[in-house]
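Here chain A shows up in two complexes: once beside chain B, once beside chain C.
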Partner chain A sequence: MIDSSHTNPDPINPNQISHAQMEHLKNLARLELSAAETSALEGDLNKMVGYFQQLSELDTTGVAELPRPIELVNIFRTDEVGPMFSSQQAMDLAVESEDGFYKVPRVIE
Partner chain B sequence: MSATALELAHKIRSKEVSALEVMETALERIQNTDARIGAFLSLTDDALSRARAVDAALARGETLPPLAGVPIALKDNLNFVGSLTTAGSKMLERYRSPYNATVVGRALAAGLIPIGKTNLDEFAMGSTTENSAFQKTHNPWDTTRVPGGTSGGSAAAVASGMVPLALGTDTGGSVRQPAALCGILGFKPTYGRISRYGVIATASSLDQVGGMARSTADLAALLDAISGHDPLDSTSLEAKPQFTVALNTSVSGMRFAYIKEALGAGNSSGVALALERVRVVLEGLGATFSEVSLPSLAYNIAAYYIINTAEISSNLARYDGMVYSHRSPAPDFNSSMSQSRGEGFGLEAKRRILMGTYALSSGYYDAFYSKALKVRRLIAQDFARAFETFDVLVTPTSPSAAWKFGQFSNDPLAMYMMDVDTVSLNLAGLPGLSIPAGFELQEGKTLPIGIQFIAPLLQDERLFSVAQAFETATSSEFLKIAP
Partner chain C sequence: MLGMFEPVIGLEIHLHLSTQSKIFSSCATNYYGSEANTHTDPLTLGLPGTLPTLNAEAVEKALMFGLALNCEVEGFTQFHRKNYYYPDAPKNYQISQYDRPICREGFVMVDGERIGITRAHLEDDAGKLVHPGYAPYSLLDLNRAGMPLIEMVTEPEIKSAEQARVFLGMIRSIAQALGISDANPEEGKMRCDVNISVRRPGEALGTKVEVKNLNSFRSVALAIEFETARQSKILEGGGKITQDTMGWDDGGQKTYLMRTKEGEADYRYFPEPDLPPLMITAEMVAKVRAKMPELPAQKLERYLSLGIKESDAQSLSMSVSLSRVLDSALQGYTGAGQNLVNWLLGDVSGYLAGRELELEKSKLEPAHLRGLVQLIDAGTLSGKMAKELLLEVMEGADPHALVLERGLAVISDPVVIAAAIDEVMQADPATVEKAKTNPKAVNALFGPIMKKLGGKAKPELVREILNSKLEG
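Presenting the complex of A and B:
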């Protein structure tokens, strides 16, 4: 099991990801899937989560996280205007545009 | 195109051959070869005019940059002005780069001419290039086999003699492993040595740009051109390494050690022989060999794939179909976004986005993501301890030579296991160089084998001393263009 410094609302078990949870993940990730994809990926994810649980064997008490391999802090550069592509070039990439603005589906009814 | 990049640059400069002739020869080679290999997704439209410009500059008596006129292939996740940059995904099928990645700008400044963009696993997720939304890339040594991945197009282009040099990216082995499977050199530097600005992000704390070549001196010249600090990448390091200078350093007295955990029964017989061969050759040059155990490496696949998928789920959130990526024409905002992502991403991208979303979600963050980051530190500490006693660590680059298409298509976890030798370097930020060091015969085909050499953080150049010594001592025996 996971070492005692971690607390989770649910105990971790090999079939962690239920159908309902799969729907929740799809929603969080804004990812529409077919029924066949959902079912296949649910199986894959449960296998992966099962495999990942081997990490709980390792005692990491007192070990700090290593989010980046080189631990740099507070890298600044001067805020100077340099050459960049034009707003027109950016707009050329737009899926849809109108009068120099990006056009997107309605967000607020 | 059997000449090396440095030979071509020399011939162009001495007017033995024109840059235009070099470019035409490379394009002809692509025309004749790539239908069966599938390395390129697109060819650059201005390669010939850039070559003419090199010849014109030479005719005017201008001093040319060091690699002027030499063709280079770019992985299709590197922004190059005006080129399609798809990242192997339908999501970016029509995206044309409005700017250059720093590495591309530096390659151009060194005189290199991008000839085309190469195939990759979608958003650099995979180990075989089979996850490209557009095409398969075939291993030039046996076209029924994969070239490795994710920089499989770049590796196949160099291995089959279409270009002498290529750029790739390496998140968990994506430069080193295809280099090994295609029989060329592939290098991933210390994290921060090469700018990531303008590189389409996969997993930002793991991604590094790397180079591929068929000679150590070529690879060093390429790295000298593209490495060094970039103010546009806040993770970029200040000190500029000197790769070419390192080629002449002797390996005599250098202390090598095999990583014990990488010597298991999972390695093919050809890999075991190649591991033995590098020892014999390097000991003959005065190096010593031992074995060292890094116990935390047993957990590297689990830690890596949690961190990789977590960062992917975050980085790929930007592809929402609103601004420049694929958009599904649904009437409302939320269904447009979900459908755009459902249509634009392939299955592996979806798998990793969902896995990463899970690992970062409320209630599971500590058990998965946070735990993996702690294990990552244990792995980095194991390496640091080993480097207190040894100068260079040695493992296979891949447990086997290239495998057949579809071999792991029903078992993603088994595919992930094939990355066992490479991912720990990305977790710890270490430099690694895969060197062709043997061949293995399978079903009547000769397949190349790569051995990985690992140096401490910021000691990247040491690996080039090793590679050059091995290349010279073996008379480039393992650096052949694929038949």
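Presenting the complex of A and C:
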């Protein structure tokens, strides 16, 4: 839920994410947001960016990389074929379909 | 003067890895020719709650490919999410690799020149969209989604369209020799994007343009030639190159503007939280290395050491099917290897080309090819007889059995040959007289003699006896 009352600019460094960047992000994420929602999100994102800036002030020289919090590596699946959907099963999940294909908005580069 | 500019080319090559199941799920990969969306499962469709599981075989094949390209493969590697919204990717992201690819910093030698390999990484393929002309919508088939891909990227070190073509051929033959990919552009199992810029010799790199949608080696070469000319002309006229993504129009044989390139940041890469990273150990690499079959470059050296002509050795080493048949035919063959090669690249290839057949799909047994050549070496069959038998040998017949069954064998009995010569000479005394003084007229006798012997006599022997008779 987006709290539209929450429009406080970031206390650490305001305007880290510009309005133009916000519009660009909305487009990349394919989000349709009202002006109030946009401004609330902008505030939240700026807070996060500020937090990361704080973190990056830490001196991590000599600290080993921790790619994941859980130390799991090399988990594999054997190359074997399992069950698959029939055309009917795959189409049952579709909003719209045609001849076994999913119907999607027209996209042509 | 367009000739003042030289192209600088880098290639991005995608190969479908030939695994049984997809890269992150147990969905089968043999979808080619199947009904749309029948090679799908919950993960392929990007259904909520599904989790990827990494196919061990895809990793092994990627490692093998990396080793063949002289890459660094040991150590840490991980997957990243590449986020974008497009109907061909139902997850709304591609699982790819970003800063820590599985293969790094290798090279391939192309005709004595070193082409650097920047990286090769694993990722999943997207689905296939079709855009029917009759409708305002697109249709999506997700059979291809989740196919294991390896994407390799070269350094901008390729200098011409021809070198790019040779390089692609080499990558394909390496992939096929290793058995990691069919590398078949016609089935979309090998795709290529070209990065190309031009500069005056000695200058810094120019602004590059990316050309996509290249589905044959020929299109790659044509696109490079087209772009070199287009960019040179712009720079010559005082213009500037913009960093665009172009498509290739195969019909019109020209590039066209697709879109202005998105920035990398737009993909919002982040480490894939659903897949643990990999730590490729020296033991894992050693195991893969032990399984590696002979590479084209090693084959080439072996063939050259057998005294096979260089041009022949080149084409044989690049072809998995030809070299497989040759290597098997060479087993236990004590004659000159070139004898086998001449038949394989000559009459056998001619037979296949004439019927649009592939060698693997013909019924030729390598042992039968060896047998045929041994029969010629031994003088049992003439070249002409062998050519006639080849038609049946290509259908799976054993040449030794055919020779026994039909009593075929070269006539090498001088008495039989002399008798035939006498007959022809007696029938045509005029030509005999001419032949005694004019060596060219000898052929007028030779032809009918060979015909009388049913083409089964050794030509050298016939000539020898004929000449001695004419002299005597």
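To be clear about the criterion, the second predicted complex is superposed on the first by the 77 of 109 C-alpha atoms of A that agree within 3 Å, B and C clash if a C-alpha of one lies under 4 Å from a C-alpha of the other, contacts with A are read in each partner's own complex, and residues count from 1 in each chain.
Operating definition for what follows: a residue touches a chain if its C-beta (ideal position, glycine included) is under 8 Å from a C-beta of that chain, and two chains touch if they have at least 3 such contacts.
Please read all numbers here as calculations on a predicted model, not as lab measurements.
With both structures placed on the common chain, the touch criterion links A:Leu33 to chain B but leaves chain C unconnected. Of the two partner chains placed by the overlay, chain B and chain C both lie in contact with A:Leu93.
In the superposition on chain A, contact is made by A:Thr60 with chain B only, not with chain C. Residue contacts after overlaying the shared chain place A:Tyr51 against chain B, while chain C stays out of touching range. When the two structures are aligned on the shared chain, A:Ala20 is found in touch with neither chain B nor chain C. Shared-chain residue A:Val104: touches chain B and chain C both.
Looking at the superposed arrangement, the partner reaching more residues of chain A, out of chain B and chain C, is B. Of the two partner chains, chain C is the only one that A:Val81 touches; chain B does not reach it. In the three-chain superposition model, chain A touches both chain B and chain C at residues 28-30, 65, 67-68, 70, 72, 75, 77, 84-85, 90, 93, 102, 104-107. Looking at the complex, you find that chain B touches chain A at residues 95-96, 98-99, 190-192, 205, 231, 234-235, 237, 296, 299, 301-303, 305-306, 313, 317, 320-327, 330-339, 341-343, 345, 347, 350-351, 353-355, 357-358, 361, 363-364, 366-368, 370-378, 380, 412-413, 426-430, 457.
Taken in their complex, chain C has these residues touching chain A: 19-21, 25-28, 35-41, 45, 47, 53-59, 76, 78, 83-87, 129-131, 135-142, 247, 258-259, 266, 268, 271, 275-279.
Residues 2, 6-10, 12, 17, 22, 25-26, 28-33, 37, 40-41, 44-45, 47-49, 51-52, 54-56, 58, 60, 63-70, 72, 75, 77, 84-85, 89-90, 92-96, 102, 104-107 of chain A are the ones touching chain B in the complex.
Of all residues in chain A, those touching chain C in their complex are 28-30, 65, 67-68, 70, 72-87, 90-91, 93, 98-109.
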